[in-house]
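What follows is a set of structures for review.
Shared between the two complexes below is chain A, which pairs with chain B and chain C, respectively.
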Partner chain A sequence: MSHAPVLTIIIPLAGAFLITFTELISARIRPVVLIPVTLGHLGAALSVILQVVEQGPILYTLGMWDPPWGIVLSIDSVSIVFLGIVSAGSALLTVFAWGSPREAGGKYAVLRLLLCGAMSGAVLTGDLFNLFVFAELMTIAGTGLVALKRKGESAVAGFTYLMFSGVAGTFFLFGVALLYGSTGTLNMAQLAQRLTEVDPTTQTVAFVLMVTAFGVKTAMVPLHFWQPFAYAAAGGTTAALLSGVTMKVNLYALLRICYGIFGRQAGAFDDVLSVLLVVGMVSIIVGHGLALWQDDIRRMLAFSSVAHVGYILLGVAGGTTAAVTAGLFHAFNHFVMKVALFWSGRGMSSVIGSPYISRMNGVGRRAPLLVGVFFVAALAIVGIPPTNGFASKWLIALSLLAEAEIVAVLVLMVGTALSMMYYTRFLSRAVQWAPESFSGRAVEDRRLRAVGPLVLLAAVILIVGVLPELATAFLEPAARALLDQEAFISNILGAAAVQ
Partner chain B sequence: MILPATQVVVVVVFLIGLYGVLTCRKLIRICISLSVMESGLILFLVSLGFVEGATAPIFDPRHAVYVDPVPQALALTAIVIAAGVNAIALMLAVLAYRHYGTTDIREIWRRRA
Partner chain C sequence: MTIVYTYLGVHLRYPLLDEVNELLVTSFVVVGLLTVLYTLPARDLPLTFKTGVHVVAGVFAALAGDFFTLLVGLELLTFSAYFLLVHRADSERAAVGYRYIGFHISAAALFFVGMAIQYTDTGSLQLARAVPSAVPYFLAAFAIKAVFFPLHIWLVDAYPRAPVFAVPALSVFTTKMGVYAIARIAGGPVVAYIGGATAILGVLGALRQSNARRLLSYHIVSQVGYMVAGAALATQAGIAAGVFHAVNNIVYKTLLFMVAGAVFFTVGHDDLTRLGGLVRRMPITFFGSMVGSAAIAGVPLFAGYASKELLKSATGYTPLTYMLLLAAIGTALSFLKFTFYMFVGERGTTQPESGRPDERTAGDHTAPEAEAAAEADADADAGAEAGSGRGRYEAPWTMLVPIGVLSVFSILFGVRPQLAVAGTTYGIYSLSSLWVSVLPLLAALGVWHFARRLVKPHEHHESALLVEMRTIGGRGLRALERALAFSHQHPFQVYLFLVTLCFVVLAAIAL
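Let's turn to the complex of A and B:
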């Protein structure tokens, strides 16, 4: 048995632990730990992904205790999509943060690695209580990243983030405890199997509690209040990780709960999916609508994230293979686009010395490369061909049309028009001729560590936009695995358990 | 087996905490409300494993009935996590107080604007 699955969790956690000690000695020896840890996590994640692609789902039994007695890591084609996002996002952030003045510090490295370990655990685990523990660890590491600037504002933002996620965590644990009380197990597959023993009311209460919990954590409207506040306080570099990666991991947990544990046999399943569809539509309108009024570029991008949770929900709540594929595709694309937007926006605000859009007249003269990347990513996020954002939005629209959800398609189009408005507003300011902006001497950071990740992301946006089959080849099996509850159960408990 | 009285207590304590989190304006009171919520939850976890007349789950030939040890392990983990979350929340409340001179969340919003 290959130990790569558990190493994806252990390596970043051990790295976080070690760096707290190397910081005590000297900040200069930090790369000695940070570089092997980052590469190690990438390598372990890659070997897990390759193994699943070649040989199918993996079951890793911790301490060789077979399920349902021991805790297991269960990795199928859905988990590897999100594991890829976690690993790529964390590695890119390590490179990008190295080039930024504040986030290069040791405390940021420790919190980033903690978050990375917790997220890897959350996407791999096959145990519901472990999911709770990893989700709480994500909350705590995320709070640290939000509050680390130590100004009053970031303390309040961190507090808000912690409280929302903390209350969501208790909701989730309440749901877990209800299910345990009726079934006597925490193993996801065994829970799914014994769900029929749970009385319908308990089932519905537990389902709603768990979905609400991850609804708060993914910032769906009307549970999104903490999010723009937290992203603005975290700063662009870190907000990219929180929006691009952490939000996707919470989304993964939501999908696993809906499709893996409850599934179609649950009484409230169809109702929950239709509520999620409506929440998705509301999120698109509210998120884009509020983004229109923001002057702080980080808040604008944060509200755009709220809207894009909506787009992803329109896909994944559809329930058909095509719809879920489209939703997962948009989740992946949103990771690439939003990280590129946050980081190029971060670069521009440090050139100008202010994150406010109203002061960014003519920033394109001083930071042509950053504005170029921002332009490509904005094209993608609005949904203009030939970018990946267009491909996934198109697939979502097609899947909605197949289900005759005309209202949802209209909402999608209105949302696109709204997002076009605020991205154009920013870009027209950025490229205009503004002599007064030439007084400062700051220019964009052209070192490889700052530019490399951005160029890579822009390239991914264009390549996946031209050849969407590259991504959908991975995502279609993922969607099928997500919808196939029996495959999920038989991966954890063995094929005999399904009969 | 869960006694009906326990169920009522659990739900009441949990809802009192939730009401507090949603309505309190002072940061410290919000922290207290969160820990009240968590207390309700931990009570629920412990009561899940309760078996009438059973002993601690340590193997001993004199006893035949043991309580379920898993919820106790869950309760312990939940307590540790709750303590960590509360410690960080209180630290942030102190930082906010030092910066704004108040822990009233509305007052803080007004000063930010």
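Let's turn to the complex of A and C:
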């Protein structure tokens, strides 16, 4: 049995542990740990992904304890999509943070390796309590990252983040406790099997508790209030990770709980899905509506994230293979686009010396490359062809029309128009002829470590936009695996368990 | 050579070139090249490059054979136009670009919905007539592109404020693509009548203008109304006439914009209240203006006459025809005004200092060395008769060549319409046709003679309606902003309570 799955969790956690000690000796040793850890995580994740693509789902039993007694890592085509997002995001962040003076410190490295390990664990685990533990670890690392800047506002934002994640965690824990109390198991597959014996009210309450918990964590309207504070205080580099990657991991947890554990047999399933669809529409309008007036570019992008949770929900809450494929596709695209936006916005803020859009007149002349990447990513996130954002939005619209949800399609379009308006508002300032006097460094950072990740992301946006089949080839099996509850159970408990 | 491509399971073929769009594509290419040439006196390579991109985008869009490629082409047009509009922009022009994007992204979004419905219902994205449930979305999208009244405000907002050298290129593509798309996808008799109404309302707007480029912009609105009136009939004759009128309009409207730009370039402004008497100073430009005006007014033997004649036979003397005739009076009148007050009239009060182009007014900053070179050139030009200050100061050849070529086409399409639309006979020059077409011209001359003060250029104020709409829109948006911002200003205990509330509501729904 290959140990790659567990290594994707252990390597970053061990790296975080090691760096706390190397920092005591000298900051110079840090790359010696950081580079192998990053490469090791990337390699382990890649080998897991390849193994699943070639051989199908994997079950990794920790300590050789067979399920349901031991904790297992259950890896299928859904997990690898999100594992890919986590490892790619972490690797890119290592490069980008290296070029960013404020985020190059030791504490930052420790916290984001912790976050990386926790996220890898959350997308691989087959145990509900284990998922809770990893979610809490994500909260703790995330709080540290948000509060790291040691300014008054980041402390407040860190506290807000902690409170909301804590409340969400409590809701989740109550849900887990209810299920454990009534079934006596925490193994996801066994839970799914025994759910029929549970009294429907308990079932529904547990389900709704968990959906609310992850609603807070993925910042659906009206549970999104913590998010703009947190992202603005965290700064663009970190906010990219929180919005691009962490949000996707929480989304994965939500999807696993909805489709893997509860599934269609649960009484509340259809109600929850239709509520999520409405929440998606509201999120799009409110998120874009609020982004329209933000002066702080990070807050603007944070509200755009709120809206894009809505887009993803319109897909994944559809419940058909086509709809879920579209939703997952948009989740992947949102990762690429939002990271590119946050990081190029971060670069521009450091050119100007301020994150406020009203001060960014003429920034395009000082930072043409950054504005170029921002423009490409903005086109993609608005959904202008031929970018990846268009492809996923097209698929979402088709899946909605197949269910005759014309209102949702119109909401999608209102969102498109609104989002173009606020990106253009920024762009109109950026391309103006007369630059203002800047207090920042006044030229863009052209070192490979700062520009490389951005150019790579822009290239992905365009390549996936022109050849969307590259992505959908992975995502369609993922959607099918997500919707197939029996396959999920049989991967963990063996084919004999599904009768 | 056809490119076959599969995008997310949709089969696409590119390009599409048939009898409907071959004339349009040809005119896009030829006129596009001339508009690029026209930007050269600006000595601004980025501007020339952006114009070139806009032209390529236009040709790309016109060759689209499916909805998807058409959307890509329209987006390319939108963004290349945006970058032309905000070229070396100050805050005001940047705001114009912002509003422009607002209109066109809405059009694109509506087109997207239509396209998705079309694909869901037919399983194909081949360019074809839209299924009934998709028609409203397509029509709303094209109503923006093809400036149906009152959606024309984006055009009269943006084009007069665009860089002078780029306006001819801007005026060619976007609206014509709207007309072409209506012809192919979503025509109908009602749309044709909306086109007729737009033709009249646009011309009324034009008569009130005193700035040459604003006047021409309103005329785009009116002329596009003509095209829609033909193209939306969706008969073969109607589409052919609409497209022919579009092509003619591309030729003579670009010509007129170039004339206005040439005057702007040499004199430094294009305000009709302050222009006049340029006929001896800019004879070639004046000739271009005469030809263009005659063509747009539909004087026999000029391009506009031929296509309007075809339009009339396509509409077949219904009320629509009379609407178009009514609009023709205004057209003739406003171009009498255009040419008269620009070139004939009493001498303008503002004369150029040594014929040097005043580029700052256009918001065009030129690099110091280029400005010095321009000055040297201008001195050489003006040197001939600089003493009296009354000499010729014709525009440079890079402007005159496009003006000349387009003048030739404006006449050629009138004399030999067969070149453009095969099978057109000289029947269009029958006595009755001539009589019907000359009537509006005579009416215009009558008004000009007896009631010229109605159209005399005057100090211009921004249309009260526009100001009002902007204020109301702004007020509504601010109210929405306040409401949304208010919902985000509470201490976080409130939001924690909200989380619990959400859980309770969700549980109530699910139970």
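One rule holds in what follows: the second predicted complex is superposed on the first by the 492 of 499 C-alpha atoms of A that agree within 3 Å, B and C clash if a C-alpha of one lies under 4 Å from a C-alpha of the other, contacts with A are read in each partner's own complex, and residues count from 1 in each chain.
Heads up, the rule we're going with is that a contact is a pair of C-beta atoms (placed from the backbone, for glycine too) under 8 Å apart; a residue touches a chain by one contact, two chains touch by 3 or more.
In this text the structure is predicted, and so the values were computed from the model without any measurement.
**Student:** Looking at the overlay, what does A:493 touch: chain B (first), chain C (second), both, or neither?
**Tutor:** A:493 sits against neither chain B nor chain C.
**Student:** Let me test your reading of the model: by the given contact rule, A:133 touches which partner, first (chain B), second (chain C), both or neither?
**Tutor:** First partner only, chain B.
**Student:** So, does A:163 touch the first partner chain B, the second partner chain C, both, or neither?
**Tutor:** both
**Student:** More residues of chain A are touched by which partner: chain B or chain C?
**Tutor:** C
**Student:** Does chain B (first) or chain C (second) touch A:152, or do both, or does neither?
**Tutor:** first
**Student:** So, A:249: does it touch chain B (first), chain C (second), both, or neither?
**Tutor:** neither
**Student:** Report for A:408: first if it touches chain B alone, second if chain C alone, otherwise both or neither.
**Tutor:** Touch status of A:408: no partner.
**Student:** Looking at chain A, which of its residues have contacts with both chain B and chain C?
**Tutor:** Chain A residues touching both partners: 163, 167.
**Student:** Would you mind writing out the residues of chain B in touch with chain A in their complex?
**Tutor:** Contacts found on chain B: 2, 14, 18, 21, 27, 30, 34, 37-38, 41, 44-45, 48, 68, 70-71, 74, 77-78, 81, 84-85, 88-89, 92-93, 95-96, 98-100, 105, 108, 112.
**Student:** What part of chain A is in contact with chain B in the complex they form?
**Tutor:** Interface residues on chain A, with respect to chain B: 129, 133, 136, 139-140, 143-144, 147, 150-153, 155-156, 158-159, 162-163, 166-167, 169-170, 173-174, 177, 180-181, 184, 186.
**Student:** Can you tell me which positions in chain C touch chain A when the two form their complex?
**Tutor:** Within the complex, chain C contacts chain A at residues 7-8, 68, 71-72, 75, 79, 82-83, 86, 88-91, 94-95, 97-98, 101-102, 105-106, 108-110, 112-113, 116-117, 119-120, 363, 365, 480-481, 484-485, 488, 492, 495-496, 498-499, 502-503, 506-507, 509-511.
**Student:** Per the contact definition, I'd like the list of chain A residues that touch chain C in the complex.
**Tutor:** 160, 163-164, 167-168, 171, 201, 204-205, 207-209, 211-212, 215-216, 222-223, 225-226, 228, 267-268, 271-272, 275, 286, 289-290, 292-293, 361, 379, 382-386, 391, 393-395, 397-398, 401-402, 406, 409-410, 413-414, 416-417, 420-421, 424-425, 428-429, 431-434, 468-469, 472
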